[in-house]
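Next, two complexes with chain A in common: one pairs it with chain B, the other with chain C.
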Partner chain A sequence: MEYNQRMGDGRLVSMTKDAIREDIEAGAADAADRAKIPTLSDDDMERLLDIMITQGKTVSVDVGNEVVMTTDMGHSVINGNYSECGGSGVSVGITAANQIIERCMGADSVGVQWYDYTYKSIKAVITQQQQELESILLNTTCPCCFGSMPNLGAYYKPDGPFENVGDMMAEGKITEGMEVYEQAAEAAIEDVFWVTQQVDKIGIDNINIDTAGAAGDGDLLASLKSAELIKKNTGISVEMGMANEFVLGIHGGMEYAGERLAGMYAHKLVKVAEKAGVDIFGPVCNTNTRMSTPWNVARAVTFLKECSRVSTIPLHANMGMGVGGIPMVENPSLDAVTKASKAMVEIGGADGI
Partner chain B sequence: MGVTLGHHMASGMNGIRTAGDLVLRMEMQGMRINEAKKYVAGKLGVDVLDLADPYKMTEVRNKLGLGTVLAIPGEPKGMRAKANIAEVLDIEISCLNKL
Partner chain C sequence: MKQDSLEKIKLIVLENNTAGAEEILSDALECGLEPVDIIENGLSLGMKQVGDLFERGDLFLPQVMMAAALMTKCVDFLKDKMPEEEKDKKTIKVVIGTVEGDVHDIGKNIVKVLLSVNGFEVHDVGRDALTKKFIDKAIEIDADIVASSALMTGTMLVMEDIEAALKEAGIRDKVKTIIGGAPVTEYYADKIGANAYAENASEAVNEAMNMIAK
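Here is the complex of A and B:
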């Protein structure tokens, strides 16, 4: 007998039970090898196999195992109109879109995300953001998140004041590049904190420092230092979601709390996030489009399970397009999404998504 | 959209349909899911398993004025609902002090 499965790019394929089991074992082993963590137990692999061979259109967690959701999309799923946001382009305002996700779609949180998703860019439109935020807070009940990226890439010329660190290093200017990278990180910290202070004036519930580490270890250092600054000076709840399953060492020597950041995987990242005062951490596992969903989900669950074991703070696993075992496709099937969702919560130990 | 709704169906508490927003408020203070659920259930005087039950939680939310998905005129929603949530959960909600 063969079972319908999805590839990492969303395509439908047929696999035997033995082939699915082999992919689960291989995916879990790949994660264990990369992060130097335990692979899944035989029991966990059997549970994952049971989930994967379910042939219904959807699966779900057992009653009592439900979790809560935060998002880097918020209202954009309704009124955004660009693919990376999954936006449907419905012609409604930001407050109305938030009311829709709260009252009609079962969201646990509402939010504001400026379309140019970088703290640096938000400075130019901060008054508009405060106005939107005030309207959302007055008209919704769920906690409200304000999310954006530190995004060191936005600090390089021509968009920002600094020379492009990647170009400098390619030219052999390693030490100079590292110094510029450190300066860019300091500039990002200043911007994340300034924007936080402005939205704190209106009464935001949570700051999402999102896609942390997108531009490497300096980007992550800026995220951690920003979280620390926010917690010490405002007390606002902070969520930090990762950009990647491990930290790229653009600098290579950057440390936080005595720990070198380059090369860290989720189970180590969550510990430095805790030290920075982060309240909710979002681990990432990148989807491989050439491998099956059983392989990708097994891999994501393996990373998450060790992260969950060592964490003292809640984990909201990144499970949008192309991460957390979700296929890298704009319109993913419900079978793939719900199987990954159930596995990450019930086997991986996610506190949220 | 497919991702969002898929997760809500498969794993979500579903916000103000149940007690999802209340549990998330406690996670935002660093509580893990089981601790957050236990805290909220204790404050609401319900069983942990009731927290994701829309039937039970609509009853509880109406009684305590915590806001529901039904836009009944005159019933608490938005800031009024959040004022009641802050009191019931014994937490600070920033916008109540700033707006």
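Here is the complex of A and C:
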């Protein structure tokens, strides 16, 4: 007998149970090898197999295993552009969009995300953001979040004041490039904290430092130091979501709390996040588009399980297009999304998504 | 003995052995290894491993750049020892860039470095590069390969424009195309008629090398 499965690029394929089991074992082993963590137990793999061979359009967690959802999408799910924001393109204002996701879709958080999704660019439109947040707070019930990316890439010319570090290193200016990278990180910290102070005035509940580490170890350092500042100076809770399953070493020597950040995987990232005062951590696992969803989900669950074992703070796994085992397509299929989500919660130990 | 020599040569770049490089290379030449063999089966394999380790988070960009610089020095050292016909061997020319509307270039820059140290002549049209820039550069340098990168689903669509523009310019049959970036898939590459898809930088180099071999 063969079972419908998805590939990492979203294609529907048929696989035998043995082939699915083999992919689960291989995916888990790949994660274990890369992050130097335990692979999944036989029991976990059998449970994952049971989830993957389910043929319904959707699966769900068992009653009692429900988790909360925080989001970096918020209103964008409703009124955002389809292609870039993964939205539905429904022409409603931000407040109404948040009411829809809260009341009609059961979201556990609402909020605002500026379309030019970097803290640096938000500075120019902060008063508009404050106005939107105020309206959302007055018209919704669940926690209100504000999120964006530190995105060190936005600090390089022509968008920012610094030379492109990648170009500098390619020209052999390695030491100079590392110095510029350190300066860019400091600039990002200033911006993240300043923006947070502005939205704190409105009374939001949570700041989401999203895609931490997207531009490498300096980007992550900026995220951690920003979290530290926010926790020391405001009453806002901090969620930090990663960009990649490990931290790219653009500098290689950047440390936080005595730990080198480059090369870190989720189970070590969560520990530095804890030290920075982060309240919710969002680990990431990148989807391999050439491999099956069973392979990808097994891999994601393996990373998450070890992270969950060592973490003392809630983990809200990043799940979406191309992450968390979900196929890399703009509209991932319900079957793939729900199977991955169930696995991440019930086997991986996610506290939220 | 040949295999031992090649392993030592591989380690030159892996361990950034700047001080010992020339001696190891000289010893290998004295043992009868040809310069091309040393480059292709020693140094290049070492660089490939450097790229793989970087993509697993075990090595970092400064180390990759230092390895690339050392590789270049080693190749320059060996060029003098090559037979004339090998020196005149055609260099494969690559145009690379991030497509119009997209400013992400970390991955593209890593591909550029790895291609360069593997003997490709790389011409970078930068990020947010107009399609016309890709085509004009490909014509100007008589490119063999056009490589494009995109990190967003919206900008990925420009890759199809590049395919069309190459056809319109009458050079599509002369060049091979490679595409890559987070939202890009092999399925998309097949759909738009690109010659190859690369999941990561190391794969981009492998695909480019496979293109030469064919």
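In this section, the second predicted complex is superposed on the first by the 351 of 353 C-alpha atoms of A that agree within 3 Å, B and C clash if a C-alpha of one lies under 4 Å from a C-alpha of the other, contacts with A are read in each partner's own complex, and residues count from 1 in each chain.
FYI, contacts are C-beta pairs under 8 Å (C-beta built on N, C-alpha and C of every residue); 3 or more make two chains touch, one makes a residue touch a chain.
Just so it is clear, the model here is predicted, and its values are computed rather than measured.
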Room on chain A for both chain B and chain C (clash or fit): fit
According to the stated criteria, A:G320 is in contact with first (chain B), second (chain C), both, or neither; which is it? first
Give one of first, second, both or neither to describe whether A:E134 is in contact with chain B, with chain C, with both, or with none. first
Is A:A227 contacted by the first partner chain B, the second partner chain C, both or neither? neither
Of chain C and chain B, partner touching more chain A residues: B
One more residue to check, A:L261. First (chain B), second (chain C), both or neither? neither
Looking at A:V192 after the superposition, I want to know if it touches chain B, chain C, both of them or none. Which is it: first, second, both, neither? neither
Could you say whether A:T71 touches chain B, chain C, both of them, or neither, answering first, second, both or neither? first
Tell me the angle subtended at the Cα centre of chain A by the Cα centres of chain B and chain C, rounded to the nearest 10 °. 170
Check whether A:D9 is in contact with chain B, with chain C, with both or with neither, and answer first, second, both or neither. second
With chain A overlaid, the minimum CA to CA distance between chain B and chain C in angstrom is 15
Which chain A residues lie in the overlap of the chain B contact set and the chain C contact set? 321
Touching residues (chain side chain A, partner chain C) in the complex: 8-11, 34, 83-84, 153, 159, 164, 166-167, 169-170, 172, 174, 177-178, 215-217, 246-252, 262-265, 288-290, 321-322, 328, 330
Using the touch rule from the top, collect the residues of chain A that touch chain B in their complex. 58-61, 63-71, 73, 77, 86, 88, 101-109, 134, 137-144, 200-206, 236-237, 239, 279-280, 311-314, 319-321, 326, 331-334, 337-338, 341-342, 344-345, 351-353
For the complex, which residues does chain C have touching chain A? 54, 56-63, 65-66, 69, 103-106, 109-110, 112-113, 152-154, 182-188, 199
In the complex of these two chains, what residues of chain B are touching chain A? 1-17, 20-21, 23-25, 27-33, 36, 48-49, 51-52, 66-67, 69, 71, 77-79, 81-82, 85, 93-99
